[in-house]
Each structure stands twice: as structure tokens, then as C-alpha cells.
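Two complexes, one shared chain (chain A), two partners (chain B, chain C).
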Partner chain A sequence: MVTYSIEELHELLKNKKIDIHEYYEELMKEAEVQQERLNAFVTITKDEAMKNLDEFDENDLLSGIPYVLKDNYNTKGIKTTASSRMLEDYVPVYNAFAVDQLSKHGVHLVGKASMDELAMGGTNKSALTGPVYNPWDVRRIAGGSSGGSAALVASGLVPFATGSDTGDSIRKPAGYCGIVGFKPSWGRISRYGVIPYASSLDHMGMFTRNVRDAAIVLEAMAGRDDRDMTSSFKEVPHYIEHLTSDIKNVKIGVLRSVSDEIRNEEIKENFEMVVNIFKKLGATVEDVTMDKTLLRTILPSYTIIANSEATSNHSCLDGIRYGNRQEGETPDDVMINSRTNGFGAHIKRRFILGNLALATENQEKMFRKAQKVRRIIVEELNKIYDDYDIILTPNCGSVAPLVDEANDDRLSDEYLILENHLALGNFAGTPSLTLPSGFVDGMPIAVNVMGRLFEEQTVLNTAYALEEELGLKNQFKREG
Partner chain B sequence: MEEEMLKELGRKTMFNITDEEMPALREEYHVFMNHVKALDAIDTEGVAPLAFPYEIETTFLREDEPVQMISREDALKNCKDVQAMQIKVPKVVG
Partner chain C sequence: MNFEQVIGLEVHCELKTKSKMFSGAPVTFGEAPNTMVNEIDMGMTGTMPALNKRGVEYALRVCHALHMDIDELLCFDRKNYYYADLPKGFQITQDKRPIGRNGYLMIEVNGKEKKIEIERLHMEEDTAKQLHLSKYTLLDYNRAGIPLIEIVTKPCIRSGAEAAAYLEALRQIFLYTEVSDAKLEEGSMRCDVNVSIRPYGSETFGTRTEIKNLNSISNVQKALEYESLRQEKVLLSGGEVIQQTMRYDELNKETVPMRSKGDAVDYKYYTEPNILPVRISHEWVEEIKANLPMMARERVKKYVEEYDIPTVDAKILVSTKTESEYFNEVIKYTNNYKAASNWLIGDVQAYLNAEGHSYDDITLNPEYLAKLINFIDESVISSKQAKKVFEIMMKENKDPEVIVEEKGMKQISDEATLVALINEVLDNNPKSIQDYANGKDHAIKYLVGQVMKATKGQANPRKTNELLSSMLKERIN
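Right, the complex of A and B next:
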């Protein structure tokens, strides 16, 4: 089965080069094949995908386009589990804002994608339905927490999927899977109806196989929503119309404090190649730094803030009104038994430690302290934006790990800084896009471009220019 | 002592922690406390906490009028124990 980008498929449908019914029949068969190989779906929604196929609108780029939602996006009448036993049978009675936004364009939902339980993880190994495998090498992880979405786009099955990103949960898996992952500014896409992780860090976003498609999907998902008071009133630009690879006026700061930590020689060389391409394209490219002592506190402050907000957000998951209810003698017992049975061990640990940081006696030295450090980190980052439009970094320091591979040395700067720096974009809420930059040992590697708040267009243009130069677009890996 | 403290904290978070789960919890607790300690490296004297990525421009109080509601039927759809259109729980008083 041939895979298409959004624009390619639109043209084929518009010019009646393919029959939409035949296309979707074949697509749904292929979904089953890829599920066998990648374990990336929680639910395949064939009935939903096959609905209203005759209502194709040739004036809308997204009309007739198949897509996948991460399983924390609420879908009315369709099971939404967030890959947790607690929500194994949960069927929402309303749609997330972003789902309604996309539906207006006539997209077709192929399925709900696996994720780390409640989006709390970076491997997708904690999903109730088991690990998701990387299409480029099924011995490896697709990354997390939006691993199912990344794997399905990278398999070529669908041209786009949604994700959510609290620390790097769109961008890391996008890099591991050789596709584009974009987390726009905090407030650009409403968080309403997406099962949260940590509200002050959660961002909605998308996976695509090229930058143009990311521009199209972003425009559709974005916009003010009164049900999310933090969503922005700023007008949504027509990103695709303004997309250009002319970046001569763009000033790029290469964040050396991060890239200096790359140990893998091939990834280092690849990153320098990217830096040189931007110079060749006429952008102003200069080295910038941040204090390493401060960068080493990204992970600690992230862990404290994210766990604290998560335990607070998920206190509602008690099995009483919805979710996995277990029997008990008293209402308290029902809640304790439901939560004990409903969550994986790692989720319980994170909630308990979040609660520790929020306890009255600890709040100032733990949670508030982390929030203060966050402010200093954001202020230092914003100083770079005084002089630069874009901050360029490697996406991470390795290819996708093997499923059973142990974590890296957690005290090294390579881990603390290089593997966790993408959370800078969550701390500051800035738009951050990961795109493929090459291959090491047959596995994709990537770089990240991060712009100023609400300057998504500059991020897209910079990424588009690099993509045009590298030619690494519309990549997918299909077997079976 | 530490185990007792963590078990109690678990209870406050509405979980039971089994003996089998305790070693991993203790290990993660130590990592967490190292994170807390790592923040000491940063002087935050006089710095205000940052609760959101940036100052939110949309903060205002809306009129206190119902704008979005779900039906009672919908509200009860995902509940495992419903009686007479109400959520049923074990007896609270004897």
C-alpha cells in the first residue's frame, strides 16, 4: 500500500486518481498488519474511519485524511483509556476541543494510539497494552509517552497523529522514529478534554512526515477555547500560506551547553552538518550558552513539578464516578482499592512523591523551590531570545534504545542535560519542533528547533528550510 | 521508619503499598530526594515561584452563568454502581 502525505492524498482524492472507499478498505487492513508488528493501537476505530467517506470536500486539505489520536484525547462514544487500567473501560461523553477542531475539516479517525500510562513516561513501556515497537527496528522502543502515535505515522499508515508533550513526549519519539514532531506554544492548542499530566507543562501537538503537513494540522487544531482559560486569544495564522524556506533574516543560536554533551561521534558530526547547512542558507548562526549548573536542574525541577501537579490532577481518579471501581467496606476503601488496583506501580510511586512535595511541611523547600528554579531557567532562556529567533539543539544523544536496554547513567551531564533539555520548551511554553537529520546504524536521528512564544511560523520556516536541504521528508518504514 | 513514612504517605495518596512494591518506592524516593537536594545549588532568594510558563493574558472571571452542561444520564454513564439516578457508595453512617 502506497503511503501519502496530507497534500499528496488530497491531490489524489481531488483529482479522483484513487477511490476513497477502496483506499480506506486497504488502509484498515494495513492497520491490522501494523498492529501485529508494532502494538501501537489501543483501539482500531474502523467504523469511525469508514463513516461519511462520500463527503470529501476538495476545498479543504484535511478532508478525507486518515489520522490517529493519542489515547488521552477524549472521544465521545469511543473508549479513551490513557493506557491505564483505571480507565480501561472509560467511554467519554464529550470530545476534546482539538478533536472537534479536526473533525470540522472532515478527517477520519483510524484509531486511538498507545501511550505511557497517563502520559507519565518516556519509553511507552508502561502502557497497559504493552510496549510499542519502533518501525525502523522492532527490537527498539518508539519512545514515549506518545509512542503509538509516533510509530503509526512512521510506519506510513497515517499522515498525521496527535500527541501530548509535558517534558518531551512528542519530540523524543518523533526523533526516534524519523518523523516531524511539533509542540507549539502553551496556549496555542486548547488542553480541554485531554486527560492531563501536569497542567503547567502539558502541550498538545502533532506528528507528521513533513513540515508542510505540520503547518496544516497545527492551523486546524489551534484556536481560542473558552473551556480552557489558558488558551490564547491570539489569531491563528495561515501557516501553510506563509511557509517559506527563505531564512536569511533568521538568527539562530546554537545552544552549545547542550550539544557539547553529545558523546556519539556520528551524532556530533551530523549536528555540525546541520549547523553548516543553516549557515549556507544565509541565516545568522552563532553559538550561545546557558549555565550548566542551571541546566543540571532541569530534570530535578521537572520531576518535582510534574509529579506534584499529576498527583493533584489525578486525585479525581477514584473509581466512584467513573473508572475502575473495586469493592470496599467504606467509600474510602472503595477509593483506595480502586486506585491500588487501577494504577501501575510506577504511577503510584510518582503520585506518592508528588504528594510528598506538596505536603504542608515540604511545600516550600520542594514544590515552591522547584517553581522558583523554573523561573530562573525560563528567564535565562528568554535572554537568548533577546538576540535570537531560534535555539538549535540536537534532539538527544542516541538512537532509539532497545526495549530491554537499561537507562543511561543518571548522574552524567549527558543524561541530565542532553537527554532532558527539551523540557526547556515546556518550562517556557515555547514552540519546539523536532525533525529528522540523518541516520546512525540504520536508525533515524534528529535535531530540534525552538522559537519564541507564539512564533510558530519562524519555527516552521526554519525547519522547512532544513528539510528541503536534507531531503529527509515523507520517511517511513514499512514491513509486513 | 522510612518504610512507615512512605506507607503512610501512600495511604494519604489513597493507595496501599505492598511489601513487594516497597524496594522500588524506596529507591525512587532516594532519587527524588537527590533531586530536591540538587536544587540547593541554585540561589532562589527573592525569586517568585513560576506557576505557568508565562503571564497568562486570559485570566478573568466570567459571568456566573451555566454555559456548558452534561445531562444526568451522561454524567452517570461511566459509573459502575448507579441506583435511582444516583451514584451508589457503601454506607457512610450506620
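Right, the complex of A and C next:
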């Protein structure tokens, strides 16, 4: 089947060039094929996708558009597992805010996408349903934690999918899969109803195959939600209308402390090429740096904050009211047995770490200290934002790792800085977008642009300008 | 007792807001289990808290009534622990920055006043209700998420009687600020106590024990008295008090250990990441203060000093806010404060009791009661008649003026009318005048009777008596 962007599919549906029923019949068959190849779905929701196909609204760009939700977005009446045994058969009684927002536009849910268990991971190997494979090379990972969403958009099956991003869980897999991954400002999209990882770092966002589509989806998902007190009252701009590739007034800081760590020559070359394109486009482009010692603290402080918040966020998963309940003599036994059985070993390790860092005797020197470090890092970052609209970095230092080799346990600077700097956007809550910039050995590579808080438009414009220049849009890989 | 008791109280009070502290589900009591809940109260993963402004307002009312310093930056923390009745696995509370600090409440024990210092007041949410049966436990989440305030005193209470007086005074604050029905037996007000003992004069604290879940004020007092004596026995026999949590066994009237300090949980308090600090406006805080009604204690003072009502009676009048408010209404229409107080404490209360009602649901227009009082004072009707009028008035909420009219009860007190009537009677009874002149006092009674007969009993008896004796004397002379 043919792959379309949101805007292309909208035009075709509007002009009745394609029959929506036939399109969805074919799409659902293709979903099965891609599932065989990528293992990216937890649930394929054919009934849901085929519902209300005749209610196409030609005035709404998202009407009739198929999409995929990361499986931590709660869907009323549809199984939501967060790829954890604990929620293997869990059917929520309510929708996440973002799901309702999208539904208002008449989108069609094709399925719920695999993820690292409870979004805690960067490989998608911890999913209950197993690893998700990269469409560009199925021997490789799609990345995580939003691996299923990234793989399905990169396979060309759907034009967009939702994700969540606590450290880099949208942007890392987007880069590995050669598509656009966007995490807007903290507070731009309500987090209500999305199974959390770490509340102060969690961001909702989306995968698309081009920047224009990201602007469309962002506008639909964003907005104030009274059930999320941290969601912003700021009006949601009409991003697509204001989208421009004229970035002559944009000041870009190239964060050399990160790009200096690139060891792969081709990635290095690619990154410099991107820097030069921005110069050519008339933007102000200058080198900026951050203290490397500070950058090395991103991972440890992230680990402490994220796991501390996670352990308390997931305390509700006790088997008492819902979820994977394992019986016991007393209510305490039920909770202990359910949690012992329900979580993977790496999740338990992270919970133990989180509890250790929060324990009263350790809290000052672990959790509170990590929060202080986070504040210092954000202050340093804000100094760059005093002079620059955009901070440009490589997305990471390599192409998607092979499934057997992918792991998160390294301590080199290359790893500590180059593989973890994207969490800067989570620490500061700033909008951060990853888009493809080229290929190395047939695998996609990417760069990241990060803007000031609530300046999503500048980020989109900068990415749009680069995309126009590189021509790397609407990429997908259907066969192996 | 050879030791001084050192007592601190922690009181939880459920706020009767419309919706819960962090969710839109309704606050109810006595509804079918698990019907008054939404996904937030059930701790469904992915839900988030949204702060109830009314809950904050209610907390502020109590803060003001307790003369507290207000923290205008609202901060919330998570208290982490696992328990079957705790849906999220943590409770949202205020650990580091309670909304209120440094307050006090004046109490009176055996006629002596004492200032009870209050350390803090903070907001939090209630847990689910557990019902333990022999083979299983039932959980009702209707209660989960109901707003709570917790009020902690300094360890400045020195006896069970003081503790009881403090709880009574605090309960009155909850009722007067209208934040809660504050019923200990139903759990909308709960009390935990900390108690230790030390030799008189000692500055250091002894090891304390905590007694939890006391369901009446008298049980608080009994538990404290028992526990202090128990600690005394331990110390006098050379033993050591162990820091532990106890409960009060109502049946055997003794305190029993629940768990010891070694089992204490580390709550790992940390800032609730889903509620950013909320700055409340100073104007709003002040507005709530300005709209606060006068508290019971101040009302007693006013009633005694300004209205000359006996202290004992004044205290009865303020026992509920509705009774006190009713009194305030009645005395808008009469200056006989004492009579108003007597009616409310006496006949009105008795009538309400007999009907199974209280001042909360009294239907009588307060102006009518005032009218009745004025009628008696002005001798429009006799006290005896007033009792009859009162019965009808209470039953039908009817204007006493109308009742008196309809029943033909109005007294004749007009002097000219009475003089004319008396002259007529005297003219017709020369024998009685003669008897009176001969010192037969009963003659006057007969003559009054004749006046009454002529007026069908409506002549004012006091006035008639007065006039008759002076007119008789005149005729004899």
C-alpha cells in the first residue's frame, strides 16, 4: 500500500480519490504484516480503526487519519498494558486527555504500540511482548522507550503516533528510525491519563514523518486540562499556519561540548554539514559550550530523580483494585505477591534504587542533591538561551544498535554525554525536536533542535527549514 | 499521680466540601459503597491530582479561627507507604510547609483558663474505609480522597480533662466555621494522642506512647488517664516505658499495644511533582478571615457582658451555632435577653427534643418568639396564657398576635376601662364593700372574681387587683 503524510491523505480523502473503507481494510492487513516483521504492536485495534469511517470531516486535517498510541496512553475499554505483566490484561475505565483531544478530530486508532516496560528503558527490549525491530534493519532495535510508535511510523503504516519522553524516549527512537520526534514544553500537552514514569520529567509528544505533520498533531494534542494542574493556560498557537522556513532571525547555538564527543567520522561530517546549512539559510550560528563535568552529571542525577519519582508513581500498582492480582493470606501479601510477579527484574532494580534515594537517611545526599544538580544544569542551559533561540546537537553518537548489543550500561564520556544530553530538554522542560539528517551504513542518523520554553514555533520553523534543505522528509522503510 | 502528664493531640477532621480534595467525585456519607468514586479516587494509574479550592478555603477558616500564621504558598508532599486502603500507594499531604502554623485555642477546665498552643494545621486526603471480616477485608473508596485537615498541638496538655476540653472547643470551631459535622463516633473527626509522664519540675520529656483511633471525647480522657497510670506503674516498678503505638480497648477500659517503634515505616516524604506550588492571594485569605462568624467563646463573653445572661446559660446557648444564631435573631426583636435565653434553653429546647428536632431544623420565626416575650412583658397576656400560645405557635409557626386575637386572650389592661368596670362591680356589691370595711379580706377576692366574670377573664389580674384595692379604700373613706 502507498504511504502518505497527514496532509496528503487528507487531500485524497477530501477529493474522494481513495475510498476510506478500502483504505482501512488494506491498512489493517498491512498492520498484521508489519507486526510480523517489527513486533511493534501490543494490541491491534481493528474494530476501533474501522469505526465511524463515514464521518469524515473535510475541514479537519486529522479527520479520517489512522494513528497509533503508545501503550501507556489510557484508552477506555481498550487494553492498556504499558508493556508490563502487571497490566497485561488491564482495561482502563477512562481516556487520557490527549486521546480525547485527538478523538475530537476524528482520528482512527489502529493499535497500541509496544514500549519499554512502564517506559523505563531506552531499547524497547524490556517490553512484555519482546523487542521491537527497526524497519530499516530488523536486526537492530527501534530504540526506546517509545519503540513501537517509532517503528510503526517509520514503516509507513501510519502517518503519526504518540509517544512519551522522560529522558529521550521519543527523540532517541525517532533518530534511530529516521523520522521526526517532537517533545514540546512541559505543560504544553496534558499528562493526565498517561501512565507516568517520572512526573517532573515526563513529556507527551509525537512521531511523524515530516515537520508539518508534527505541527498539526501538536496543535491537536496541546491545551489546558484542568485535571493536570501543571498543564499550561497559554493559548495553543496555530502552528501550521505560522510555519515558515525563513529562519534568518533565528540564533542557533551549536553545543560543542556534545558534538565534540562524536567518534564516528560520518556522523561528525553529517553534523557539520547541518551546521553549514543553517549558516547558508541565514541564521546566526555560533558555537556554545557547557561545563563537561556538569554534562557528565546528567545521567546520574536523571537516574536518581526519575527512579525516585517512578517508585512512588507506580505504588498504585499493587493488585488490590486492578492489574495483575496474585492472591495472598493478607492484603499485604496480595500486594507483595502481585508486585513480585508483575514487574520485570530491571524495574524492581530501579524501584529499589528510587526507594534508596528517597529514604529519609539518604534523601538529602541523593534525591535532593540530584534535584540541586538538575537546577544548576538548567541554570547553565538558560544562560545559553539568554543569547540563542535554538540549541543544536547531534541526536546521538551512533546508528541504532543491534538487538543483541543494545544496553544502557556504559560509562565513557561518549556515552555519558553524547547518549544522554537529550535529557537536558526534560530537565528544563524545553521543546526538543529530533529530525533525520542523513544515513550511515544505510541506517538513519539525526540531529536535535531545542528551543526556549513554549517556543515550539521557533523549533518547528528551524526544523522545517532544515528538512526543506535536506529533503529528508516522508522517509519510511517497508521491507527489510 | 506523682508525675506530670505531657500530652499532645493530633486531630483529623473531614471537610464537608462538595467534591474531594484532589478529584471531582462528590463528598458523601452513608452512600452505597464504591459508588461515589472516580478513577482518581481509585488510584488508577495515569491520574493526577487537581486541588479543590473550597478545601483550601475551609482549611483557612479553621486556621483563622485558631489564630494561625498562614503560608500563602501552598506546597504539597507525598507520604509514601503501602496499605490496602491507600489507593495511590502515597497520600498527598503537606509535610514541609503546612498552611497554618503557631496558633492557639483557649480552653477552660474547672473554671481556669488555659491557652493550648497549636503547632500546625495541614491539608491532606482521606483513605478508603476498611471493614475487616473474619476471612476477608472489604474496602469502600467513597471515603478515599475526602479532604482532611490535621491539627497538631504542642505537648502542652497536662491532663485528660484538658485534652477533653480542647477537643470540645476544637469541635465547636469546626462547627462554627461550618467546615465539618465533626462527629467522632462517625469518624468525621478523629483523634490520636501522644502521652508521656515526667516528675514534676523536670524539663525533659519521658518516652511517649501514641494511642490511635479514639472514637469519643470521653474515651480520649479515659485512655489518657489509664495510659498515664500504666506508665507510672512501669516507672515506679523500675521499668522503662517503651515507645509504641497503642489502641484503647473500650470493653476492658485499657490501652493495648498495636505496634512498636521498630516497625515504623519511613514515609520518604518528598514534594508532590504534579502540584506546583500555588500562590494564594492575600486578599482572599483576608476575605475569608473577615467573613468568619464569631466563635463560641467570644459569643459567651458577649452574652454575659452585654446581655447580662448567666455564664452557664450563655454556654448552653452557644452549644451549637444554629442555637446561638437563633438567639441572635430573637433578640433583634426584644430587649428582654434573659427571657429570650430562658425560652430557648427551656420551653423551645424541650419542645424540639420532644419532636426529635434540634435548632438545625426549627421552623418557628424568631420574631414570633420575641413577640410572645414582649406580650408577657407588656401584660398583654398572662404567663399562663403564654404557655398555650407557645404550643400553638411552635406547632403552626403562627404569629402570637393572631393566636391571641383568635383565642380572645387579649388582656384588658387599659386603666380607664378597668376603672369603669370596677365601679360597676362595686356599685352592684355594696355588701362586699361592707365586708371589706369590717376587715374581711376575702371580699376583695370575690370582687376580682366579679370583674373577671364580667370580662370573661380578660382583665389584667395584677392591674385589677391594684385598682380594686385602691378604689375600695377610697369608697370606705
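Quick note on the criterion: the second predicted complex is superposed on the first by the 475 of 480 C-alpha atoms of A that agree within 3 Å, B and C clash if a C-alpha of one lies under 4 Å from a C-alpha of the other, contacts with A are read in each partner's own complex, and residues count from 1 in each chain.
As a convention for this text, contacts are C-beta pairs under 8 Å (C-beta built on N, C-alpha and C of every residue); 3 or more make two chains touch, one makes a residue touch a chain.
Just so it is clear, the model here is predicted, and its values are computed rather than measured.
With both structures placed on the common chain, the touch criterion links A:232 to chain B but leaves chain C unconnected. Which of chain B and chain C touches more residues of chain A is settled by the count: it is B.
Judged by the touch definition given at the top, the superposed model places A:316 against chain C, while chain B stays out of reach.
Contacts of A:96 after superposition on the shared chain: chain C is touched, whereas chain B is not. Within the superposed three-chain model, A:200 lies in touch with chain B and with chain C [touch as defined at top]. Applying the stated contact rule after C-alpha superposition, one finds that A:360 touches chain C and leaves chain B untouched. In the superposed model, A:331 lies in contact with both chain B and chain C.
Contact with neither chain B nor chain C is seen for A:65 once the two complexes are overlaid on the shared chain. Shared-chain residue A:345: touches chain B; no touch with chain C.
Counting contacts as defined above, chain A residues 93-94, 200, 226-227, 229-230, 311, 315, 318, 320-322, 331-332, 334-335, 355, 359 meet chain B in one complex and chain C in the other. Listed in rising order, the residues of chain A touching chain B in the complex are 89-91, 93-94, 186-187, 200-201, 226-227, 229-233, 293-294, 296-297, 299-301, 303-304, 307, 311, 315, 318-323, 325, 328-337, 339-340, 343, 345, 348-353, 355-357, 359, 365-366, 368-376, 378, 410, 426-430, 453. Residues of chain C touching chain A in their complex: 38-39, 42-51, 78, 80, 82-84, 87-90, 137, 139, 141, 266-270, 273-276. Contact residues of chain B toward chain A in the complex are 6, 9-17, 21, 24-25, 28-29, 31-32, 34-36, 38-39, 41-42, 44, 47-54, 56-59, 62, 67-68, 70, 74-75, 77-81, 87, 89-90, 92. Within the complex formed with chain C, the chain A residues making contact are 72, 74, 82, 87, 92-94, 96, 191-196, 198-200, 226-230, 308-309, 311-318, 320-322, 331-332, 334-335, 355, 358-360, 363, 367.
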